[in-house]
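Below is the structure I would like to discuss, written out as structure tokens.
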Amino acid sequence: MTDLPGFLATVEIFKDLGRETLERIAGICEEKRFAKGAIVYRTGEVPDSLYILTRGAVSHPSLIEARGSTDGLVRTPGELFGIAAVVEEMKRRVFTVECLEETVACAVNGARLREILKMDPSTGYIVMQRFAGLMAKVEGFVPARGGGLSIRHAGKIYDPEGVHVVAVEDCSFDVAPGGLCVVVGPSGCGKTTLLNTIAGFDTLTAGEIYLDGRLIAAPGRDLKPGPDRIVVFQHGALFPWKTVLDNITFGPVVQRKMSRKEAETEARTLMVKVGIAGIESQYPGEISSGMRRRVEIVRALINDPMILLLDEPFRALDALTKSVMHEYLLELYDLSHKTVFFITHDLEEAIFLADLVVVMTTRPGRVKKLIAVDLPRPRTYRLLSSKRFLELKQETIEGVHEEALKAFEAGERELA
Amino acid sequence: MPPDRHTGRVECRAVTKMFGEEWARQVVVDDASFVVEQGQLNVMIGPSGCGKSTLINLIAGYEAPTSGEIRLDGERIEGPGRDRLVVFQETALFPWMTSLENVMFGPEVRGTNRREARQEARRLLEKVGLKGFEDKYPSQLSGGMQRRCELARALINQPKIMLMDEPFRGLDAMTRELMQEYLLRLFEESRHTVLFVTSELEEAIFLADRLLILTAKPTSVKEVLTVDLPRPRDFHVLTSPRYGELKQEALEALYEEAVKAFAKGSKAAYDLVEAFGKRVGGG
Amino acid sequence: MAKILTKTVAAPALEAREEPLVVYSRRRILWLRTRKALTERYFWLGLCGVVAFFVGWDLAYRFELPRMEKLESPLSTFREFTLPPRGAFTYNPALESKWGYGIWGKAWYTDIGMSVWRISQAFLWSLLGIPLGLLMGWKRAIRDFVFAPFELMRPIPPISWVPLAIVMFPTQEAPIVFLCTIASFFAVTLNTLLGVDSIDPVYFRAARCLGSSEWQIFRHVIVPGAMPFIFTGMLIGLGVAWFSLVGGEIIAGTWGLGYRTMDAYMNVATPQLLIAMFTIGFIGMLMGVGLRMLQRRVLAWKSKTGEAI
Amino acid sequence: MRAAGAAKWACILWTLVCAGLGFFRFFDTTFPLNPPPGVHGELHIALQAMRAYRFWGAIWLAPAVGLLVVWRMKREVDEDPAVLRTKAERRRPLATRVRKAVLNVHTLRSALGVLAVLVVWQVAEPLGIPIVNRIPPFSEVVVRFFDDRGLFWRDKYWAGWVISLFRIFSGFVLALIIGVPQGLAWGISRTWKAASFPVFEIFRPIPPLAFLPAAIYLMPTAELSIILVIFLGAYFTIVLNTINGVYNVDKSMQRAALSLGAKRGDIFWKVVFPGTLPSIITGATVGMGITWMVLVAAEMIAGRSGIGFLTWESYTAGDIPQVVVGMASMGVGGAICSAIIWRLGNNLTPWRRLF
């Protein structure tokens, strides 16, 4: 490359940088050639240098496959990739980069680039802002928020030849990626069965369930439960024989994603961030039920699942602890942007938490009503006495009450 | 046939109760003096683990108070007796008897002949909505139905006062609401004196005529709130503004007690204090 | 805790513990506790119950009740047990035990040594049942294969193995050790299997959810989860092992407490017989207590939360 | 429901009558104060017992089966989900149900497991597996059992069964009759427990077999000493389980009964006793297991007849296959008795089976 600073000036992001900053950047630039089909870096590996494409074309194969089209994903000369090297939070959004043809790119070490930009007080920071803006743009069409769940005519019959108990019948609704869906219904309306089929503990006898377009449950297809959809159980499933720290680090260590030391540091930071620091060495039996519930949610989040399944987690807690846990769950939800599938008996809790409320009938469980809750986020407890909330509650309480009375008379007992 | 109007008044004067040897003495109830009005639904609420159940046991006569006395309609309470019905936290139905036999236990023990007792038991089971479940064992009934069978078993003795120690704790939210409404119907119809213990604030205010707020351990009655919501109540009252005010008031009193209980290191109170701190502070 | 509003009431620290009214020093509590135990009616009642039993026995022997002539009184047994044999210290005939089977004689110690040695060997061998029980609980296939033959051989009384054991093992010691192993092996395996079945299926689902493979579920859920039952199995195994040790020694042994009871019966030495019987009981109980202490340390997660082990 | 109840009680009464007559016919010969000396004494008694039971067994069989069938047919069954499931299954033809129960993969595997053990046992001798080859192969044992000189055709074997079962029965029932009230008494009144429980505690850890020599001294006939040792075997277990049962009866149930106006008597019979019944039954089942263990050794040492003695006798005669036959029959005996006690117990506590 002849006039490297000149070429750099043409790059859209370094537009009005000073001459000498450009020279300094050009100084740390080294040219790299890649053959056709070569992999520059893989998902999860954080690249340490930013690549400015000079010739050829580069793309993200995994994203193409996920989104089924290549618009906006192929990089042409003059564009950038490997932004994660520069922008800190991009770490988790890194996707494999593969060269479609013979390419030449000049690599700039991210950390040194940041120093150079910091040395230039005036325009350096503007360029940093551009990088952040680029990250937001990238995030726009990169489906960062996975976890869209769609349930098509799901049906479940227990012991078809024998007692033939129809638990769930023709139930279909969609949960937007990153949305919070709550299923409400009396005991015995098949909501736990639905959750078990999504999590992969039970098989469906009719219909399909897709997670991000991937089929995860269908009749006759026994899929293994995986760390991409983690369940928080009703009466808590913390291993009583492990300390709190061992419980939380169980996921990453067992999947061999992190070494024990790494997992422990990650767990400690997450616990501090979430506010339950200080109980690392205690056993689950020694901490209060509210605290146990929080440890369990952290244990699920550390594995970075696509969807979080909650099976009436707050049922055993008394009223005030339950209200704490609601706010706590919403905080975690905003922080982690995971899709949440939540089932409960308590209508008020459902409306307060959810974007989408699914009301189920008693056995055989059918979808009685779908309510989109348009309350503003972040939601605080004062919302409970707001007019919109009461309207929503009025709208659903008749239906739910009627179902509850039917279940109450028939003496329905939890089957699943 | 409801008991005659003027009975069922419990009066506790300076009742204290201590457990354990003198080197690990634990005072659970410390000079609690209050009156359970007759014909009213009195609800006791306090931070969990503050000795509410011990107070109920004292009134029911299972344990004698270390000092002070408890009078029911004037005479002192010696041991448990037919005139005080007790419903426990976990179902105390006899698993080896069918629901009909469970309900017939009271009259049988009193010595009335079996045929009459059987008829009365069937009538009561029908009244509580358990028709057709007479010869089922308690393990075959759902939570709500077990609770109703227990109520029927106690009502057959026409007690003067009903003592209920967090009876709806194990039930799920919906069955609990239905059982609360059911209890209100029962109370409004027969006007027994009821002493109801709970740790849920919404449930307490929804049911109560008089709300007794207890202090942390050692327990004594801190404050008595009269709940003047209209009778007969249904779940719409939950969204009325008066309900909100009452709830706020009770919450304030309860918060101090929770902090004291928490200072004494009770695990359960930890969640309550944090919950409330977040609410009042963060809100 | 910083989030707690400092409204009227300051939020005290987490560690404040509830103090009893009057603080007593540790030693004082110990003294009070023993004093209370001693002054309790039940303690004395128990004591005189035991004394009455032994005095009654002694009187029955003295007054020659029918069938009691061979059963010497406990007093003479105690005398036998504690007094040295002839010629050890003095030659005063009143101060010596006839058979010398007691604290001073060597026979008692060798018997205890032999019995305990056989029991511990058998106990170690029977611990093989733990992995077998765990595997059976883990994989349904293993369980199907192994459980049927296991269930067929379990009801065979251990002592009926004596003749076969003597035939199978040429040496003197091996049949008895084999006998005790067979007895406690079935108990340990069955209890471990019950332990694995008692684990709440929620834990398996949680582990599978967190992405653990079958082997990791075995290591992290099945083994620790079944621990409480494994210990009960060991305890029962120990009891049954003692049981069949006595049987085995009576029939096939040379040294050991069981053999001693039969030998004492042969030459009508009742004190020896009673000493051997009570020693068996005492040592059996000691080993049980030792196992429970081990259990309390290993199951820290259970004992810490105050649940009954 | 009426016919079923009548059939059930008629069947029970009929069984008791036959058992009583059989026992009575056999009883006067069982405990003469001085049994005829030597080996033939007890064997002679056993042979008489066997003939008495065979006679009354034949008379008992036909009507009892008839009554049982009537009872099972007439029994109305309430629509509990578990029963619904069995009713639904019964709708399917018998063939498929049997095929489904027998041919499913689990039973096949367990059959394979048993077969594997038999093959190893059979092949051990020629192959020379170190320890197992000393045991006579399976074929030899079966042949020894069924050939003309084998035990199957010998009266001694069946008489041995009868006398062994009689000893087990009497020892066990004695343990029940004395143990259960003792356990209940200790469970209820603390003072009585404080007084006599320490003595019990001293003798509890001692294996019952260690009592054998002392029992032989104490009891006039060898028969009674065996029964005493069997009694001790079951007694300790039953008492301990009963005491645990009384302690585990839910405190709130006793209080509920009190507040329903029950007196002390009602509380015991209607609350405490039914509450302890399940643990009494578990205690009885475990006790039965232990009685079989004790029986074997007691017969080997003190007895002159019975399955245990037969095994020892064939060992002293050097006939090892017959020893294995004895062992196998004792195993079968133990299993059957425990199963009977367990099933009887479950019938006594119908509420337990339902959840």
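Per-chain residue numbering starts at 1, and chain names A, B, C and D are given in the order in which the chains are listed.
We take it that contacts are C-beta pairs under 8 Å (C-beta built on N, C-alpha and C of every residue); 3 or more make two chains touch, one makes a residue touch a chain.
Quantities reported herein were computed from a predicted structural model and do not represent experimental measurements.
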Compare the CA centroid of subunit C with every other chain's and tell me the farthest one. A
Central chain (distance from its CA mean to the mean of all protein CA atoms): C
Distance from subunit C to subunit A - Cα centre to Cα centre, in angstrom: 54
Quick one: subunit B and subunit D, Cα centre-to-centre, how many Å? 48
Taking the mean of the CA coordinates per chain, how far is subunit A from subunit B in Å? 44
Please report how many Å separate the Cα centroid of subunit C from that of subunit D, as a whole number. 26
Subunit D: which residues touch two or more other chains? none
Residues of subunit C that contact two or more other chains, please. 3
Any chance you could list the residues of subunit A touching two or more other chains? none
Can you tell me which positions in subunit B touch subunit A when the two form their complex? 48, 129, 133, 141-142, 144-145, 172-175, 177-178, 199-203, 235, 239, 244, 267-268, 270-272, 274-276, 278-279, 282-283
Spell out the part of subunit C that touches subunit A in their complex, as residue ranges. 3, 200, 202-203, 205-213, 216, 220-221, 224-225, 227, 300-302, 304-307
Provide the residue numbers of subunit B that touch subunit D in the complex, in ascending order. 60-62, 79-82, 84-86, 88-90, 92, 94-97, 105-106, 109-110, 135-140, 153-154, 157
Can you name the residues of subunit D that touch subunit B in the complex? 78, 80, 250, 252-253, 255-263, 266, 270-271, 274-275, 277, 349-352, 354-355
Contacting residues of subunit C [partner subunit D, same complex]: 41-43, 45-50, 53, 67-68, 70-71, 140-141, 144-149, 152-153, 155-164, 166-169, 240, 242-247, 250-251, 257-258, 261-262, 264-265, 270, 273-274, 276-278, 280-282, 284-285, 288
